[in-house]
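For reference, the structure is listed below as structure tokens.
By written order: A, B, C and D. Residues from 1 in each chain.
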Amino acid sequence: MAILLNNETKVIVQGITGHQGSFHTQRMLDYDTKIVAGVTPGKGGQTVHGVPVFDSMKEAMEKTHADASVIFIPAPFVYSAAIEAIEAGIKLLVIITEGVPVKDTAKIKRKAKEKGVILIGPNCPGLITPGVSKIGIIPGNITKKGDVGIVSRSGTLTYEIIQNLTLNGIGQSTCVGLGGDPVKGLDFVDVLKMFEEDPQTKHIVMVGEIGGTGEQQAAKLIGDGKITKPVYAFIAGQTAPPGKKMGHAGAIVHGKSGTAKEKMRVLENAGVFTAEVPRDIATAIKNNLSK
Amino acid sequence: MAILLNNETKVIVQGITGHQGSFHTQRMLDYDTKIVAGVTPGKGGQTVHGVPVFDSMKEAMEKTHADASVIFIPAPFVYSAAIEAIEAGIKLLVIITEGVPVKDTAKIKRKAKEKGVILIGPNCPGLITPGVSKIGIIPGNITKKGDVGIVSRSGTLTYEIIQNLTLNGIGQSTCVGLGGDPVKGLDFVDVLKMFEEDPQTKHIVMVGEIGGTGEQQAAKLIGDGKITKPVYAFIAGQTAPPGKKMGHAGAIVHGKSGTAKEKMRVLENAGVFTAEVPRDIATAIKNNLSK
Amino acid sequence: MSMLYEFEGKNLFKEHNIPVPKSKLYNGKQSIVDFAKEIGKNEMMVKAQALAGGRGKAGLIKKVTVNTAEEHIKSILGRIHHGKPIEIVMLEEPVKIKKEYYLAAMLDTNSGQYLVLASSRGGVDIEEIAEKYPNEIYRLALPITVEPLPFMFIDLGKKLGFTAKKLTQFAQILTNMLTMAINLDLMLVEINPLIETIDGHIIAADSKVVPDGNALFRQPNLASLKSQRDQYSELEYEAAQAGISYVQLDGEIGIIACGAGLSMATCDLLKYYGSSPANFLDVGGGADQKKVSKALEILSEQPIKGIFINVFGGITRCDEVAEGIIDATKRLNIKIPMVIRLIGTNDKKGIEILEKNGFHAYGEMEPAAKKIVELVKGGN
Amino acid sequence: MSMLYEFEGKNLFKEHNIPVPKSKLYNGKQSIVDFAKEIGKNEMMVKAQALAGGRGKAGLIKKVTVNTAEEHIKSILGRIHHGKPIEIVMLEEPVKIKKEYYLAAMLDTNSGQYLVLASSRGGVDIEEIAEKYPNEIYRLALPITVEPLPFMFIDLGKKLGFTAKKLTQFAQILTNMLTMAINLDLMLVEINPLIETIDGHIIAADSKVVPDGNALFRQPNLASLKSQRDQYSELEYEAAQAGISYVQLDGEIGIIACGAGLSMATCDLLKYYGSSPANFLDVGGGADQKKVSKALEILSEQPIKGIFINVFGGITRCDEVAEGIIDATKRLNIKIPMVIRLIGTNDKKGIEILEKNGFHAYGEMEPAAKKIVELVKGGN
């Protein structure tokens, strides 16, 4: 089952002819992802690794009726590409690009919500359903099919956690990288709910960071009993210096809730296992399994 | 019956404390218009000619549940006031102000359409249902209750036509000044349809000008048989020099259709009586009556 | 609402990342030499700056060499084009043309939307093309609240035949044109021709930019442009400064009226009675004493045979108009016949003021118009 | 994403019609005399410009007379405030305060909307007010696509107690703040205090403006401001120019990692094993050979005891990282212990390159972290 992504999900790559787009298209094809089209304006009619390229999302959608699109495009052009994808009727939009202006992301998010589109990212590694399909850049070789759902705000740290689970023989249902930007598409609570519904997922791992309030919202959801599956969390930044506050307004709105300590405290209070070092997660899952 | 405006229509004056707003509020009150409130931010709690003033349309609407609002506010502030009125739930919005930026008007018009608000103006004299009520600045003393509906793109020229009819003993059902701006709310076709439906109206007078295509659209409506009542038209600008074209684009989009001659031709073809001088209108109506 | 000079429009293009050829305003012989050095070429375009079209056919745009440029420029400076002398000349780098396109973004007043017009048959005769081959002018309507983004124009670019990098260039140029139209309150941004160069770039070879006159209060950078002054004759400018719209015609009677419709109907009526309007001054809705007085002052300086004041007050108040007339006639020595028609808001008060000062005021337009024609014709 | 200097923010305020007191940057004694003449007063505010708050409490904002200004300014120039010397001093006209307010417009990252915060208890201790009297901080959320218009802020202005002309002034100021935030891609525009003067005007006595660092590519006027350079130390700037995020800490091991999460987790892990990070260089997603080589070069100049390279490649390719390490170690003379952990995209190729050059690469983070701590501690 897994969530968000299965072996029938048809994917378009926006920016397929670029350096990153082309490279990771090959990687996704190698992982058996159904890449049905690429889009680069002005390069319609070409092919990249056998995938047909179109000038616009509209044409690509008319020809392929794809479900998802993944954006590998420089930050200044992401806004136009994302709105194009949403208007063309895509149902899942994954933005890998780093450095997208916050206002652009907020507007993309609003538009996606209006049109019922699931947005993941920006500045994220994408998602992978081990052994089935992947959208984005999570290395396939570190994953293993299994029953642990992973949701993470980090990119590379996600890989770390996945690898550690895999090395410990623990497989994953789906791994979702939410992205590290302050405004982003899916957040912890959204993905936690999906994992709760997913029969394949038995355990849920959250990888968080300092800043923002996504972890606290997740803690509230879990504390309220909405998530019945066991949840394990690792929060990076325990030793990080406090971030710069954005004026008094930032302090008033965000309060003191952004530290790793605070996040770990509220998650523990909600019944979440919180790890001191990454490997503690694998140990805790094993302990749970042996119970 | 009349159209748009009757003796129950409750009206708010936006900009009631200004020079024009205050003066014409008195005139409207003198004509028995139901002015229920005025709005000027910062002057809430005052009264003008006995009319209570509020700081915002929201407050004024909460207190009075008005139907219509008329704007007497300098052009730079019209956009905010108009959007405020529409969002506050007004059903008829009349903008008297001249010099509103075209983009502002187009956006007001779009918003009004979205919310089902009838917009008249800007740069218009408003409307009057003789002997009943008036919104705007059409002098009440030149009108006379009767069965001729008047719709006009001009301000002062409308008065001319009204006066001439009144002096000839011909009364009016409702007189509507559409306004002289290139983008405006109601246009000829909208008001023609209203007069067609209105039992009180037996004759319809259109007062047009060179430029634009409103008269041609009206001619099409009439030519298509959608208006069964007799229509009389006067078009100003028969001797005016041709206006400056707005680049090739203007010429391509608007063609040659903007001259008085062309407008008179298409109206005549549609069966409309077209007058050479204003008094011809009264003569023609009388001839029709005596038939 | 008058167009900008080409060079003003191109300066705006540069600010909005719409590619234009290198250019420089002529400013004496040295500027020619400097510019030739800057572009590294021996030839350049000399383009007279004017606020009317048809420059190409009038010989006001010409390719010259460094050596002949000065002589050519001197021959066009001061030349009259559509009633105005050429005062400004632009030097521009010649571009090597592969193909000419037409591209315009306008605020379409019929629909209240933005409208893009584009054709792969650009060049001087685009209006002819539009008539002969209407299907070769592509139109794209966009809501007034549009946020222009490049992807919206890929389809159009393909219809025009753009491919590869030129397709994205085109989409970006049109995006920038619309952004500029929205941000600067423009009625029109027109590029004719938009040129595809032989080395594969797209570049705006001309500019026609028309601002919304009503929005100049919030566009100070546009309001201060030279074109916005030069669009007026001395008289029009004097009138415009007083908030009066002055229109020059070629007849014998000067008109002061309020409102465009009534002003035009007044002209029509004079013609109907056998005379003709010399000009009209529309003092607009809400005319006050000062405006009316100023309008009479302007008229009094014109070689006309009679004055017809035709005011129907709505927002304008007749007492203020009367005061203006009295003020002006006291200040000025007006010897030609004058007929006044005054009615509307506060008319009783206005007529009283006039009569106290020995003036008669008509209540109706037609007898008044007849009267001024009689007086003028009788005085011949 | 770092705030602007007060004077830079106020220049933007002026451009957006947000009233500010008259001001001038100090530029020698004459500028004091000139400014006193300009404002027609014998007293003025001297305000040190800094990129950290708490200036008032630090004595960096003071009212002085023309005669004492120079001496006072010399006493604060060069003073260290939050680690940076004061280099710029602004002279400002004193305003007569009737009441102080707090007003901020921010892009709220929690909701993805614009959020206005306002209070009639403005002044330095607004955060304290927010904790003690949360009901006295008014909040107004606006959609990210909002078109700010004055009428939207009348209610809020009334809650703050503004009446008469001050109500419309307030609404216009807030409209302009939001328009500025939208047009310039700002995360925050904060005015504390917003002052009501005794003669009935509203004026921004301070400015705190924070741009979105991700949007600077399309805000060249912001990108070129002095504050955007001064926010960095020399090292941070050198790193930032190469696209590397440099964070200074106070431990003993220098870290190169890619991705903020992994970088932080690496720091946490070193602490867990009994050492501590001296700094970390996050080479980000998509790090290439050049970035990695540059990061090592920066580290090699630091007084650290060991280097830990921890790369998990996703968009970053391990072979490029390996090439960067080889390139740097060939160029630089690195004598302290170095441990490399390399895995992810193209890791086989990367490890091969490293091994060919005599380096070992760990596949897992924890043993690698343990190892570098051992090496550093053993070397003590």
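Here is the rule we go by: a residue touches a chain if its C-beta (ideal position, glycine included) is under 8 Å from a C-beta of that chain, and two chains touch if they have at least 3 such contacts.
Just so you know, these numbers come straight off a predicted model, no measurement behind them.
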item	value
Set of chains adjacent to subunit B and to subunit C	none
Per Cα centroids, the chain farthest from subunit D	B
Whole-Å gap separating subunit C and subunit D, where each centre is the average of the chain's CA atoms	48
Centre distance in Å when subunit A and subunit C are each reduced to the mean of their C-alpha atoms	55
Overall pattern in which the protein chains touch one another (line/ring/star/complete/other)	ring
Which pairs of chains touch, using the document's own definition	A-C, A-D, B-C, B-D
For the subunit B and subunit D complex, residues of the former touching the latter	41-44, 55-58, 77, 79-81, 83-84
Sites on subunit D touched by subunit B in the complex	149-151, 154-155, 158, 162-168, 171
Touching residues (chain side subunit C, partner subunit B) in the complex	1-3, 102, 104, 106-110, 112-113, 115, 117, 126-127, 130, 137, 143-145, 182, 185, 187-188, 190, 192, 208, 210, 212, 214-215, 217-218, 247, 249, 257-262, 264-265, 267-269, 271-272, 276-277, 284-286, 311-317, 343-345, 364-366
Interfacial residue positions of subunit A with respect to subunit D in the complex	20, 23-24, 27, 75-76, 96, 98-107, 109-110, 123, 125, 137-139, 142, 152-160, 163-164, 167, 180, 182-183, 207, 209-210, 212-213, 234, 236-241, 244, 246-254, 276-279
